[in-house]
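Following: one structure in structure tokens, then a few remarks.
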Amino acid sequence: MANDPIGNTRWAIAEGYIAAWSHGPAPEFTSHETACILNTSDREAHVTITIYFSDRDPAGPYKITVPARRTKHVRFNDLKDPAPIPHGTDYASVIESDVPIVVQHTRLDSRQAENALITTIAYPAK
Amino acid sequence: MANDPIGNTRWAIAEGYIAAWSHGPAPEFTSHETACILNTSDREAHVTITIYFSDRDPAGPYKITVPARRTKHVRFNDLKDPAPIPHGTDYASVIESDVPIVVQHTRLDSRQAENALITTIAYPAK
Amino acid sequence: MANDPIGNTRWAIAEGYIAAWSHGPAPEFTSHETACILNTSDREAHVTITIYFSDRDPAGPYKITVPARRTKHVRFNDLKDPAPIPHGTDYASVIESDVPIVVQHTRLDSRQAENALITTIAYPAK
Amino acid sequence: MANDPIGNTRWAIAEGYIAAWSHGPAPEFTSHETACILNTSDREAHVTITIYFSDRDPAGPYKITVPARRTKHVRFNDLKDPAPIPHGTDYASVIESDVPIVVQHTRLDSRQAENALITTIAYPAK
């Protein structure tokens, strides 16, 4: 197993859009965007997410804790504090952590009967 | 929130193809390619996009402004000046900025009843 | 052909989720997650995969051998020793090798009549 | 427009699989894998592709020319010399060039009525 933690402490996801409606049984088939976070270190990761919009100031920080040697798949739909992210709106996000983490971005779009799925590694900032 | 700007000043997307037709209500379900641009800096980003083709000289520069601490999701379909990008044609793009930005590429293909979606981080050039 | 091996010796995939059910003929249309591994070197690659969960200690190492100058597309569904990976559960993975390899992540989700496919390059750790 | 060429001279795509059958009108909806290559330089790029398999020696080199300041979207289905790539078979590829290029990987899977699309930036080798 890994001896030293993998990843970066700052990541960016330039794409963000929570589809405004869904088909199929919740929560599996609810339209959502996810930041999959992996913390391979031996220390708890204190993660903050900042949300950027096209037409107003950034929102956040949203605070998340990922325990040591755990993964957490954070649905942007579930971020409530300081404010929920509006649906049907373009956004982007910056994820920062006090220990190295790895971030991957996924979207499930279930606006139609057959789902569409996308994923990409996030951008690891220097 | 981020203290120093995240990203690179040159990016490339080797894939480009705007499907020639669409299904479903516009504009959400119109087939499109998007460059999602995030500007975390405190300065307005002056962005230029150059489009490369398989059989003729590059087109552009297409000029876009992304305000400080904002994201802009640019649909290639909407680029009109100096000339619209033809549909059903292979292309690629280079995105350059005077401040660091992050670029992610997304395509919605709605040629069929059920959409297909793809995304990837763009290539950050040195 | 390549003279020196391409890649890194540590990779991470922060996203992992094997859909709990499938449509269509097996094995092509069975819902699965895959780590596509490329070994361009002249030496056999001894690869270990460690699986991280949200709520318990990591599992592994799962051991895989990729012969010299070969690719192996490893389905996480097929990992059995020391224990199968549960379906319908969030996980993440770290892939380590004694020679440089390249890792790409793919998921086929066939829970519905029409499949969804995703892919991304994995995160190459330093 | 770009003053110096963007990219790397060696790239790898660990995933490769040409679906064995297709739905819909050819060639747009024929199942295919594509390497989208962008050459922003002022010199013609002489590109070679080597294909790696799971159970036999690599095939190639497949030779492709991408003119200066052009993109070429190469369908692996169309590679014929020295031998076509078998369908329904796992493979991986290494793309090498004498000038810097950018490579992105895309697959259209039209085995079902509704297509699935995937894309990712390829792995830029040092």
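Order of writing sets the labels: A, B, C and D. Residues in every chain begin at 1.
Going forward, contacts are C-beta pairs under 8 Å (C-beta built on N, C-alpha and C of every residue); 3 or more make two chains touch, one makes a residue touch a chain.
It should be emphasised that the depicted structure is a prediction, and the values quoted were computed from it without experimental measurement.
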Quick one: point me to the chain whose Cα centre is farthest from that of chain B.
C
Same-site or different-site touching of chain A by its copy chain C, using the half cut
different
Please report how many Å separate the Cα centroid of chain A from that of chain D, as a whole number.
30
Rounded Å distance, chain A centre to chain B centre (Cα mean):
21
Can you pull out the residues of chain B that are in contact with at least two other chains?
113-114, 116-121
Chain A contact footprint on chain B (complex, rising order)
1-2, 6-7, 24, 34, 36-38, 40, 69-73, 102-104, 106, 113-121, 124
List the residues on chain C that touch chain A in their complex, please.
10, 12-17, 50, 52-55, 57-58, 60-61, 90-92, 94, 96, 105, 107, 109, 112-114, 116-123, 125
